[in-house]
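Notes for the one structure printed next.
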Amino acid sequence: MKILLALIKKEFKQIIRDPSSIIIAFVLPFISIMIYMYGINLDSVKVNIGIKNDDANPEVTTLVESFGKNKYINSIPYNNEKDITQAITRSKIKGAVIIPNDFSKKLSKGESSEILVITDGSEVNTANYIQNYASSITNGWLMTSKYKYLVTPPIINTELRAWYNQDLNSHNFILPGSIAITMTLIGILLTALVVAREWERGTMESLLSTQVRRIDIVLGKYIPYFCLGLTSMIFNVSMCIGVFKIPFRGNYFVFFLVSSLFLFTLLGIGLLISSKLKNQFLASQVSLGIGFLPALLLSGLIFPISSMPLFFQYLTGILPPKYFIIFVESEYMAGTIFEIVVINSIFLTILGAILFILVYKSTNMRLEK
Amino acid sequence: MNSIIIKNLTKKFGQITAINNLSLNIEEGKITGLIGADASGKTTLIRLIIGLLEPDNGEISILNLNPSKQKSEITKKIGYMPQKFGLYEDLTVIENLKLYADLRKQPYQFEKMLEFTRLYEFQDRLAGALSGGMKQKLGLACTLLGNPEILLLDEPSVGVDPVSRIDLMKMVKELITPKTTVLWSTAYLDEAHSFDKAVILDKGQVIFNGKPTDLAETTDKFEKKVIELMGGYKKEISKIAENYQTIEQNIEYSVVADNLEKKYGNFYAVKNNTFCIKKGEIFGLLGPNGAGKSTSFKMMCGLTKPTSGSAKIMGIDIKENPIKARSNLGYMAQKFSLYGSLTVEQNLKFFASVYGIGILNRKERINEILDIFDLREIANQKSESLPLGYKQRLSMACALIHNPPVLFLDEPTSGVDIIARHQFWNHITSLAKKGVTILVTTHFMDEAEFCDRISLFYKGEAITIGTPKELKEKANAETMQEAFIKLVQEDDE
Amino acid sequence: MIIDSLRRIIALIRKELITTWKDPKSRSIIIGLPLLQLIIFANAITMEVKNIDVTVVDRDKSVESRELLSHFENSPHFRKIYYADNENEFRNKIDTQKAKIGIYINNDFSRAIKSQKQTQVLVVLDGRQTNSAAIAGGYASEIINSYGSQMSKKQGAKINTVVRNWYNPNLEYRWFIMTVIIVMLSVVITMLLTALSIAREREMGTFDQLIVSPLSSFEIMVGKVIPPLIIAMFLTCLMTLIIIFGFKVPFAGSISLFLISIFISLFSIVGVGLFISSICKTQQQAILGVITFQMPAILLSGFISPIEDMPIGWQYLTMINPVRYFMTLSRGIFLKGMGTEDVMSNIIPLIIIAVVTLSIASWTFKRKLD
């Protein structure tokens, strides 16, 4: 016990003396939260589109105007299709709306009329937005135009209601979710170098010749970085709640518990990399390679896991942030839901325990051959 | 009574047999010196004894315990100081002591230790900021905590100046109990001669085990006997010097240091350092660890910018025309600093091309170097896996590959075995005769005798410059070792 | 003189390539890791929302309501339908994320359709997964609306939008994401190769050895720039081939323009990497530098959300982000067949970034030596 305490004390002193741990734990999350807050926006996209009106009917000009007035669209008039083609190729506009010359004629007869929407398919998301905007703007216009009496109201109306996040504000889920992504990076980075460093500097050989037990070495690394990681987590969460006013409906105690579990698995990954590779250079490469992109892309924050092929859905199961994201979003927006908390905690515990065992096993008490 | 009993021990690393069917008993309460050429298996043997490595064959019993099964029992009773002692450089002196005291379950009683190590006033300094000698002393202090029954020291005096070496010896002798067994691996034969017992290893086997005084009465003779046992050294004509293409030089002084000075804040690391080295002269920079030798050295080759003053190599100012000045220079760093992931041959090739040896001559030159330095057998091994002595040899080979007229050698022989040192100095003196100018630092006082002139450095200043003979006369001493210690102490007073 | 200098540079390059390439561990990280990630990401990532599970409260239990629900069952987007008996069960399914959306059909549903009166279907979305919820909601209302117009006897005036998606007619998400992934992976690897290289030599002491040799700081810089460029170029080309032949993404543009573009893009990334390397003393600092550059650069490159959508100050900030131009070029040439003029307008900022970072790098580097 005394040995473990001594190792923990030593590690804390090293953390305090080395500004890079502090930077990883506090500056990095700050940068990241600013980016997710201001740089990333998933709900309202403002795009430039071209518009070409071939219908001389004055009523139709009001449709062109309503494209101009919309807060999501910035429309630029064009007179011929060639210019539109060129503008799309050059990414000046992301799409175009073309109103054919028989547009109003068909409407006035009470028939269905068409508009042509061209999109730049190379940016799939934006292309989808443009389709949706175009059809909602035209339909909105139709109901206020003079043709509105010729429209048969639909017999089934769909009422969309979003629970937990009424106005589907994407920051409400991106920011809490980003905590998981950022913490993954931080947790792995904090620990990925610490064991390798001891091997490289030769301090491990000295440690091994004392009465240090394997469990002391392992816990001596887990505990200090756990504390640091948890402080970083608290910093992150209080930024989200305090500064950016993201509503939190959950229970702080539950949140604290599951966060601890999550952190436990992350430190496991970092320590495993470090004690397997015993080399700071390789360890940092591996931890950057797996800590950033996979966490960002495969954990379900931006790209839904349920849409992946089954095999890859299972593959994401080894990523701790996957479970934490589900939990954190639910906790923030819906409050504590017993089943979600329990299931995800179980997965995190299993992962954490497996990692702990692996770390324990790969902590050598002898020098390698 | 034997505290360590080894029977038919064998340990292989891949193809290489490090320990070959070795049997050895080490007596309780005695200091046993472990001597051997590079790669003779000293470090491997020590690591096997404490269970950091597992033997392929044979038995070890240490205090009647088996290190491969009872490692945790053994660690309670031993103190082990690895070659690269693992101090936490970002912890202070006292924090390191406290840490190792806790790890060995000992109380915080460091008064005596701090006094012995003369680290009292430095206890709040970061271990990383200590000089080499102080680091070793602190490392030894950490090892000695808790009066271990067996003390295993793996070359604790490598790279340590004579004064600190005496301190280390004193620490061990005075801080152990009469029952403590010490196994001390060393490259200093004077040290080994003063121990109770000596064990000489060669190719993983014991070739001598007995009292050093049985082998020879005096240190000098002991050295000769050891060399004989290790295969003998015959002074040959240096092939390196033989093949050396001397360049015509019209300059009287090949290396000139003019009032070099380095200041960190208010602290002078080096103060008005002035010397001139004639063509073909061997100039030694001597001094205790942390006296400013390395800083002077770094300023001389342009690695550190002097606060004031200038350095010239072959008449070219290193600050004004660094590239041209450096092309005349062969440099060998204190720490092994070649590319570890490159093989011996690839390293040679790299430095050959960097120093502008044309493709046509390159192959020939590399072959020559491989022969001269006896590196042919290991030409395809990764250099990081080589034993220290071979690394040193390779560094020297890389420094000499382009036939430089000036050679800077920073502790070139730290950790190198006695025979290799003799060969090395044979090359150095022969090169000097051919007109190569050499600036060298060393902690081996027998090597200092080979220098034409010596500058003794202490506390950032040259306290005296002269030939070895002049220095000895000045100090009224018989050996350089004695002269060194006396002159440093005189300056202290 | 020049030949000597060239010889020294070649020696440096060979040494770098041997150290990074000969070591199997480092080789598998540099080539294996990105290729593995490429394959995983390409298969896994999509913004489309598929396999949506639905929970339903059907108060009507009529032929019509069942018919509507069968449309959901037959849609490729939806997977399971959980029939809930009451509101509690309905809520529970959504709370526990067993269902992403819930459909509530009133008991007047079939009556209204028969009498051609208006009725309402309530679609509840799980707002926690805001993005996919909105998309799933879109799919659901589409199905309901089309069922509604089928049932409607009268046809009045209405507007249909005919959509034509250029360059990617079926809006295949994979086409888009692959051109993005290739950029992200090359950036990550190039940064790793360059940013740690000088710091590592400093820690090992080999850097002193280089400085003491006749190598000039310019030669050392060149020797540090070229090897990562070679490796990154090789890797990027390999990934491109895999995308074209393995994943059958059509390559619309000019191959030579593409090669030039990735070369210059990688060159600017190397510049940033060396800049980080030149100011860092230890590997640990270098890694920190890499992360602090890489994370914002990739997140703000416009792949998750378009640059036009950021606050104006942030938009200006992205002008110094090389990844942004790299991504535009990769996507533009690959999918849109971008022409020389547009390529140039993206290459010029990259060249400026490369020149600036490399000059600062060699300046700090030289200054540290003196």
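To keep things simple, chains are lettered A, B and C as they appear, and every chain counts its residues starting from 1.
Here is the rule we go by: contacts are C-beta pairs under 8 Å (C-beta built on N, C-alpha and C of every residue); 3 or more make two chains touch, one makes a residue touch a chain.
Remember, predicted model here, so these are calculated numbers, not experimental data.
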{"item": "Two chains joined by the most C-beta pairs in contact, as defined above", "value": "A-C"}
{"item": "Centroid comparison with chain A (C-alpha atoms), farthest chain", "value": "B"}
{"item": "Mean-CA-position distance for chain B and chain A (Å)", "value": "54"}
{"item": "Chain centre separation (chain A, chain C; CA means) in Å", "value": "12"}
{"item": "Whole-Å separation of chain centres (CA-atom averages), chain B against chain C", "value": "53"}
{"item": "Per-residue overlap in chain B, given as positions that touch at least 2 other chains", "value": "none"}
{"item": "For chain A, residues that touch 2 or more chains besides their own", "value": "18"}
{"item": "Chain A to chain C touching residues, read off their complex", "value": "18, 20, 23-24, 27-28, 31-32, 35-36, 38-48, 88-91, 106-128, 131-132, 134-135, 138-139, 142, 147, 150-166, 168-170, 172-174, 185, 189, 193, 277, 280-282, 284-286, 288-290, 292-294, 296-298, 302-304, 306-309, 312, 315-316, 326, 329-330, 333-334, 337, 339-340"}
{"item": "Parts of chain A lying in touch with chain B, wherever the complex brings them together", "value": "2-3, 5-7, 9-10, 13-14, 17-18, 198, 201-213, 365-367, 369"}
{"item": "List of chain C residues in touch with chain A within their complex", "value": "25-26, 29-30, 33-34, 37, 40-41, 43-53, 94-97, 100, 112-113, 116-134, 137-138, 140-141, 144-145, 147-149, 151-152, 154-169, 171-173, 175-176, 179, 184-185, 188, 192, 196, 200, 283-285, 287-288, 290-292, 294-296, 298-300, 304-306, 308-311, 314, 328, 331-332, 335-339, 342"}
{"item": "Footprint of chain A on chain B - complex, ascending", "value": "13, 47, 50-54, 71-72, 75-76, 78-82, 84-91, 95, 98-100, 102-105, 126, 142"}
{"item": "Footprint of chain C on chain B - complex, ascending", "value": "301-303, 305, 319, 323-324, 326-327, 329, 331, 333, 335-342, 346, 349-351, 353-356, 358-359, 398"}
